[in-house]
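All chains are identified by letter, namely A, B and C, in their written order; residue positions are counted from 1 within each chain.
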Amino acid sequence: MPSPNRDQGGGTPRCPRTPPTPEAREIVFDFLSDYDDPSIWGAFWMTVKLTALSGVGSLVWGTLLAAMRVSPVPLMRGFGTAYVNIVRNIPLTVIIVFTSLGLADIFGMTMGASDFDVRGFRLAILGLVAYTAAFVCEAIRSGINTVPLGQAEAARAIGLSFSQTLGLVVLPQAFRSVIGPLANVLIALTKNTTVAAAIGVAEAALLMKEMIENEAQTLLIGAVFAFGFVVLTLPTGLVLGWLSKRLAVKR
Amino acid sequence: MSSVLYDTPGPRAKRRNVLLSVVFFVLFALLLWWIWQTMDDKGQLRWALWEPFTESQAWTTYLLPGLGNTLKAAALAMVIALPLGALFGISRLSDHRWVRGPAGAVVELFRAIPVLLLMLFANEFYDRYTNVSSEQRPLYAVVTGLVLYNASVLAEIVRAGILSLPKGQSEAAMAIGLRKGQTMTNVLLPQAVTAMLPAIVSQLVVIVKDTALGGVMIGFTELLNTRGTLAANYANVVQSFVVVAIIFIVLNFLITSFASWLEGRLRRGKKSTGVVLGPATVEGTAATGAGGTI
Amino acid sequence: MKLRKVSAAAATALVLALTATACGGDNGDGDDTGSGSGGGDKIKIGIKYDQPGLGLKKPDGSFSGFDVDVATYVAKELGYEPNQIEFVETKSADRENALARGDVKFIAATYSINDERAKKVDFAGPYLLAHQDLLVKADSDITESTDLNGKNLCSVTGSTSAQNVKDDFAPKANLKENSGYSECIAALQSGAVDALTTDDSILAGFAAQEQYKGQFKLAGLKLSNENYGIGVKKGDTATVDKINAALEKMVSDKAWDKAVTDNFGPANYKNEPAPKIGNIVK
């Protein structure tokens, strides 16, 4: 999220800070309660919402892309391949900024919201989905590759069509073998939501930048937010890691 | 592989595929036409906005120095993170708990913190405890942040790669009397790295893209950062983003192409080692690491 | 096997080359930029790189703008010739930290003096009085801040100016936050927003750019007072005094007026007269 210039002019910082008093230890973490629009909880809640909604979206779109990449229609295969290879190679910041500058401002895709807060939120999800889906697609595709050939052959032998073979036989097994990789994608997605700050979505990273600018306590504030992300991502990794072991197809 | 999922198309299936292709093509072409038309309507295609990119000064003053810094940070981060990642990956597989534990903790911790924050911490660290000059500090901080995060991810990739190897490999190595260290460096690691090359490469692409985070808070003048200065001069925000995106795509395409060429060479050269690693296994385990690659 | 050796050698060479380049610029000039004594030293000054009319890095690599002219004049008074000046980009979020770390000697980058900032840095000046204003399309009917109710207003992420408008003048304004002013101008041009708000000096600089000439106008509202000061490391009162003397001299020998005409003239920006040192207009 390159924000080349914020708060160029001035005015007073948005969230004033109580003046330092001798009981410094008491008020070291003062900044946590000084901010109420949004509060630190509100900001992390926004991070969670972004992660959850983009996670679901990119799972759907990523699965569709993977299906395209293994489909019998050459043009769809080509599109899937091109999409993944282009999107994966662009920094997420560029994609997110494009949803706002390009999609919304130029192409008039306002996401059914005239309020910029809501629109920014939806555009950020769109950008995150577009980007993350490329990684989901690759993970699922490698999952498809782990399904033994016999499975697909047997499916075809009993007369299932391509979509039935994929949807009923191959994908269910593929998903079970890629829960680990998908968990990694989800963790990365959680951290990537910080990029949404570039288009003004009031999530954790935006609040952190604001706090650092106003408080000049970079290390302390950074540590609080780093801790927040560890709290969000570590359990995700552990739970899904356990799940992937439980659900793994024993072969 | 994909051909296993459907029968060889007969006449009807061929017709259906052609029909689907045509429908898909028409929809796609309509989309492109609409994009072009709207850009034109909004005046975004005016030559005046694109013309700066044909001037040498736009490149020599803004884009090339930015690209240079991006490449410098990415290359440094790569050459440091790769061996470090291998080291941590191996450490996590150690027989000794006191090696395994800390290595695991470090890897899990740095994977969980956003790279931007790691860069921020590194910047403060270099300021307080070293006398790195203020010109060089952003570069140091960016490289440090990238190394900490990506070495952790690479460690997981290497670990998954080693675990994916058939057990017979290490058993055979032990049987001919190799030590644990020799088994690792002479037998397991080379095979694991080859097997995990796709995942490693996509992680290298991540490093290139993540240099862009250095411009956000610690003032590293990488490509995306100099783009802002360029756009302020030529008043072409949208166009500058398009050009920078293309540069990144080309750059990363070159990296992945080089890697797949290298992979081909390595695979061919490996035939004599007699490792039975079906492409499915390789791809499957590659995914274990590939997931973290964002 | 042979290939592996070759690539290992290549990798080693690459590392060496990169380390060499990485350390090339690190010739130990340290963080200390001298204490105003001049001599053969360089002085590092923080400016903006992306604000036409105030601080802009031009395609030929040189710098232009009012802040740049003021900084150059002040540096000269401190004993540094223009070729001894090294301009450093200081983004808004990094200004206080850059001073505290000693990365730059002083900062002239649309840095308005306020109580919060004055706790962390010392200010010389002010050297310019700007006001928050609106930039609208040339044919726009927005003339007052209350006209913004129900309209789309753009500002930069985390900026205070837009929030001020929303809080004080037009509570029903719809606020869009972009990552930079260039992005906001693009949105204004495409019609995605109706107005852009920040200091009039900044807006004038953008409006006067070749590519935008005649497309936009300033609404001419004085929604706030922004006293631009020169930021100096906290406690460095000696430098503050020297800079204040330099600024007074700049006004008295008319160099200030020339800098205004040079940089704001094309923008048709009606600037306030030179402020008195230490006279902060609330």
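Following the convention adopted for this analysis, a residue touches a chain if its C-beta (ideal position, glycine included) is under 8 Å from a C-beta of that chain, and two chains touch if they have at least 3 such contacts.
Given the structure is predicted, the values throughout are model-derived calculations rather than measurements.
Colleague: Leaving every chain except subunit C exactly where it is, which of them still form connected groups?
Modeller: one piece
Colleague: Using mean Cα positions as chain centres, tell me which chain lies farthest from subunit B.
Modeller: C
Colleague: Please report how many Å separate the Cα centroid of subunit B from that of subunit C, as a whole number.
Modeller: 35
Colleague: With centres defined as the mean C-alpha position, give me the subunit A-subunit C separation in Å.
Modeller: The separation of the two C-alpha centroids amounts to 33 Å.
Colleague: Distance between subunit A and subunit B based on Cα centroids, please, to the nearest Å.
Modeller: So the centre of subunit A lies 17 Å away from the centre of subunit B.
Colleague: Which subunit C residues sit where two or more other chains touch them?
Modeller: In subunit C, residues 50-51, 91, 93, 180-183, 186, 190 touch at least two other chains, as defined above.
Colleague: Do you know which subunit A residues sit against two or more other chains?
Modeller: In subunit A, 1-5, 97, 101, 106, 209, 212, 218 touch at least two other chains.
Colleague: Please set out, as single numbers or ranges, the residues of subunit B touching at least two other chains.
Modeller: In subunit B, residues 42, 217, 228-229, 232, 237-238 touch at least two other chains, as defined above.
Colleague: Can you list the subunit C residues touching subunit B in their complex?
Modeller: By the definition above, subunit C touches subunit B via 1, 3-4, 7, 11, 14-15, 18-19, 21-23, 25-26, 28-31, 44, 49-52, 56-61, 88-91, 93-94, 101-103, 180-183, 185-186, 189-190, 209-212.
Colleague: What part of subunit B is in contact with subunit A in the complex they form?
Modeller: Subunit B reaches subunit A through residues 1-2, 4-7, 9, 13, 17, 20-21, 24-25, 28, 35, 38-39, 42, 44, 108-109, 111-117, 120-121, 124, 156, 202, 205, 209-210, 212-213, 215-217, 224-225, 227-229, 232, 237-238, 241, 244-245, 248-249, 251-253, 256, 279-281, 283-284, 286-294.
Colleague: Given the complex with subunit B, which residues does subunit A contribute to the contact?
Modeller: Per the touch definition, subunit A meets subunit B at residues 1-5, 69-77, 79, 85-86, 88-94, 97-98, 101-102, 106-108, 131-132, 135, 138-139, 142-146, 148-149, 152-153, 156, 161-162, 165-166, 170, 177-178, 180-185, 187-189, 191-192, 194, 205, 209, 212, 218-219, 222, 225-226, 229-230, 233-234, 237.
Colleague: Which of the residues in subunit A come into contact with subunit C in the complex?
Modeller: Subunit A reaches subunit C through residues 1-14, 16-17, 97, 100-101, 104-106, 114-117, 120, 197-200, 206, 209-210, 212-214, 216, 218.
Colleague: Quick one: which bits of subunit C touch subunit A in the complex? Just the residue numbers, please.
Modeller: Answer in residue numbers: 48, 50-51, 91-93, 96-97, 100, 110-117, 120, 130, 132, 152, 156-161, 163-164, 174-183, 186-187, 190, 192, 198-199, 201-202, 224, 226.
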